[in-house]
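Alright, structures below, take your time with them.
Both complexes below contain subunit A, partnered by subunit B and then by subunit C.
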Partner chain A sequence: MRDWKVLLVDDEEEFVSTLAERLALRGVEVRVANNGKEALQKIEDDPPRVVVLDLMMPGLSGLEVLARIKRDYPAIEVILLTGMARSNEAGEGMRQGAFAYLMKPLSIEKLMEKIGEAMKQHTGKVD
Partner chain B sequence: MDLKTNLAQTFGRLLDIPEEVPRPKRYSLIRRNITILMLLITVLPLVLMALINYHQYQSALRDEIMAPLRVLVNKTKHSFELFLANRLATVKFIASAYSYSDLADEKKLNKIFRVLKQEIEGFIDLGLIDSNGVQVSYAGPYDLKGKNYSDQTWFHQVRVGGVYVSGVFMGHRAFPHVVIAVQHLTDSGQFWVVRATIDTKRFDQLIASMGLDPQSDGFLINREGVFQTASKLYGKVLDTFPEWVPPVSYEPAVFERLDSKGRAVLLAYAYFDNPDFILMVVKPKAQVLKAWYTLKSELLLVFVGSVLVIVLLVLRLTHLLVERLKASDERRELAYREIQHSHKLSSIGRLATGVAHEVNNPMAIINEKAGLMKDLIEFTPDFPDREKFLGLVRAITQSVERCRAITHRLLGFARRMDVEIEVLNLNEVIKETAGFLEKEALHRNIRLRLHLAEGLSRIASDRGQLQQVFLNILNNAFAAIKDGGLVSVATWEIDMDRVGVSFQDDGVGMSEDTLKHVFEPFFTTKKGTGTGLGLSITYGIVKRLGGDIQVQSKPGQGTRFAIFLPKKPIEGAGNSHA
Partner chain C sequence: MEAEKAAFMGKVTAAATHEMKNVLAIIKESVGLMEDIIAMTKDDSLPHRDKFVRSLARIMEQVARGVDLSTRLNAFAHSSDEARARVDLNRAVEQSAFACHRAARLHKITLKPVPCSEPVEIDVDPMGLQMVLFQCVDLLMNVLGSGSTVTLEVSKEASPRITIAGTEGTSPSEGVKSPARDGRWETLQTAAQGLNLVLEEAEGPGPGLRVVLS
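What follows is the complex of A and B.
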């Protein structure tokens, strides 16, 4: 088992649960949140090292969640997911300190790669 | 009121051209109506003024010409009257100064007659007639003694009026003469008549003294229209005047008439108080009004000339106006179409974005489910029918991949609508853009040279927008050069923050005036084909990308556009996902 604690945030339950299962199969310690509020709650309970965050969510939007994470937990790295329709938002997210952004549909290999890079970055920050 | 509304309606109709009239016909309608209107408002006052002037001049000139004629007639009439009054006074004097017996004595009468002839010109004879109308005595060349006049009209008239002056007649003597008779009443109620004859030579002298020119004529007629003196043109003494006898007027009057010979004449005349003569002067009108006719033809020439100038001007002006209108209509339409087109594109872009996004989410789920299936198969050691299932999953994943390609293409199209910053190699963008024009360059034998700096810094900018900018400028360069011309593109590092791109052509170049307006919207030198939007859009894009654009040009020496682009986007931007 790698020591990868990841929080997946997406309003599409089918998507997020399946993705979580796949990541778990690859030895990632995954938790899931279906909206921004829940995500912030789960981060507060037990801060992960990396958050994979969908930008398009009802209620608290991805960008808002990102801003709060960066405010309260600057060490946590955030990988943004986007349908790319509003890539301005992705750009904005990057400016606010997101680690990377990925387009849906994802390739699991690419996601694993980015999570791996983010983990390294995180470790660097913590050390 | 009615006229006013009518006029307003007519003018309104001229100005109001229905929108639904098809284009070419519409312009010819506008042209026609503006021409009519302008001609109306310019030529109408001119015509009115010309007419008014014409009449004023005519009457003024006529007065000027007719006044001397009147004076002449009046003067001559007075001379005639003076002459006759003088002769009448003489006869009256003889009648009063001498007694009946003196006058009845032929010897005495002859003596008186002799003195008379000596002193006063024109007397032919002198005689005494008693109350019975019998010639008592006579002095003169004829033997008239004893002749009885009692049944003659003049004798009765002299008895009634006391004085009688006859018209001209030939009488016994076969040359024109006038008789003057004066009645003398004695205190006892008896009366006698002194009768004298004078010849009319003096009349001719008086007429000659008017000094008329050869085409004109002067004469006396009586109220019956019988000539009392000879006329050069119309007849001898005692012939009948072939023209009309004018209405009675003792003041000199002037009429215009066509005479029996068909000449337009001015006829000046005046009636005498006594005897019933009318003095007439006839002058050919053409001659009298010569000055007027000259003036009239000059006026006409000026009028026709100015109307011609006005018509030409109006036609030319209207032509220019309508051409301008047409051109601006066309330009507006083109611009409108351009805007419509970009609106359409951006709507399509928005739609495409929406669709792509909506499809992406379920696609992501399918992708993950299939991925999970694959994972499960792979992670389970002896999965039954493992290869078959893996094949199925791969087919699903490949289909998702295809869908992804489609949605990406859609999003790529939409991306052109908004500024989309990515880190890119400027040289590559230029090469790509030049690729669009390769065919045309080949076809027109244009040398398109790229001097691209090696190792040029990558910049954060918008690929699609840059392509549009470069394409615009290259298109303009291609339009400016002849076949076989040269266009060179160069890139270089300016400083830490900026890179430069230049486009140099050897085309026609631009004047200073054109240069000033080159980035203004709707300014174009490509009459009819350009929208005047290309370079203004280019300018807008470069500015939006945080860059700058400069242009240098001289007529005949080609044009150089230089674009300076920031390496980093103005508002900062994201990593590339690609």
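What follows is the complex of A and C.
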């Protein structure tokens, strides 16, 4: 088992639950949230090391969730998910301190690679 | 009103392509999970394993095709966002080849964008430019036989230009006509002038048109 604690946040329930199963098969300790409010509650209850966050969500947007994470939990690394490569929100998210952004649909290998890099960055911050 | 209609269609289409990507993402992860499980299963405990693996790989290929289509359609939909914008002609010909792809397939004609080695940018109505390029390609396809190739070449000479030229296939159905004899030619020229573009016949071995920034 890896020592990787990840929170997946996306309003597409089927997407996020299946992705969580795939990450769990790879030894990642993973929880899911289907909206921004639920995500912030889960972070408060038990902060993960990395959050994988969809940008386009109803209610609290991905950018709003990112801003609150960076304000209250600066050591948590955030990987953004976006539908389109030239998304303005992805660029704004990177300026706000996101670790990386990935395009949907994802490559699981690429996601694992980015989570691994984000874990290293997180460890560097808390040590 | 026409610009508002185009903007409306663009917004609806852009939103729909986002939804399509979400659908494709769910299919991709579901197939990925099945592949993960098959990979963890011992060879002899799963009958028809190879057929499952092949079928899943085929679904993944189609997902990739769907993602490519929705990405291009999204970019195309965003061309109606602004009435005037800075457009790289290299990207414009790629988009045009995508927009004409299906019609070309029906005519059995190959479309070949030939970008310039450097960006060639102009200020133009992006949707208007796409309409002119689409109709130019359509005019050429109507005078070319199956098996022909249409190239959309970007160059930066005295002024930025796109040359759309046809190379006749091996078995033209009849003698090649000039695209300028098509009844739509004058209307198309007027539309181009409205965008500060000049539309002219291009010289060359085959039929061709040239769109030049005036």
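Assume the second predicted complex is superposed on the first by the 125 of 127 C-alpha atoms of A that agree within 3 Å, B and C clash if a C-alpha of one lies under 4 Å from a C-alpha of the other, contacts with A are read in each partner's own complex, and residues count from 1 in each chain.
In the analysis below, contacts are C-beta pairs under 8 Å (C-beta built on N, C-alpha and C of every residue); 3 or more make two chains touch, one makes a residue touch a chain.
Just so you know, these numbers come straight off a predicted model, no measurement behind them.
Aligning the two structures on subunit A places subunit B and subunit C in a clash.
When the two complexes are overlaid on their common chain A, residue A:P105 makes contact with subunit B and with subunit C alike. By the document's definition of touching, of the two partners only subunit B reaches A:R95; subunit C does not. After overlaying the two complexes on the shared chain, residue contacts for A:F15 are found with subunit B and with subunit C alike.
Judged by the number of subunit A residues each one touches, B leads among subunit B and subunit C. Shared contact residues of subunit A, touching subunit B in one structure and subunit C in the other: 12, 14-15, 18-19, 21-22, 25, 56, 83-85, 104-106, 108.
Note for the complex: subunit A touches subunit C at residues 12, 14-15, 18-19, 21-22, 25, 56, 83-86, 104-106, 108.
Listed in rising order, the residues of subunit B touching subunit A in the complex are 353-354, 356-357, 360-361, 363-369, 371-372, 375-376, 379, 400, 404, 408, 411, 415, 418, 420-421, 572-575, 577. Residues 12, 14-15, 18-19, 21-22, 25-26, 56, 83-85, 87-88, 90-91, 93-95, 100-106, 108 of subunit A touch subunit B in their complex.
Chain contact summary for the complex, subunit C toward subunit A: residues 17-18, 21-22, 24-26, 28-30, 32-33, 36, 40, 63, 67, 71, 74-75.
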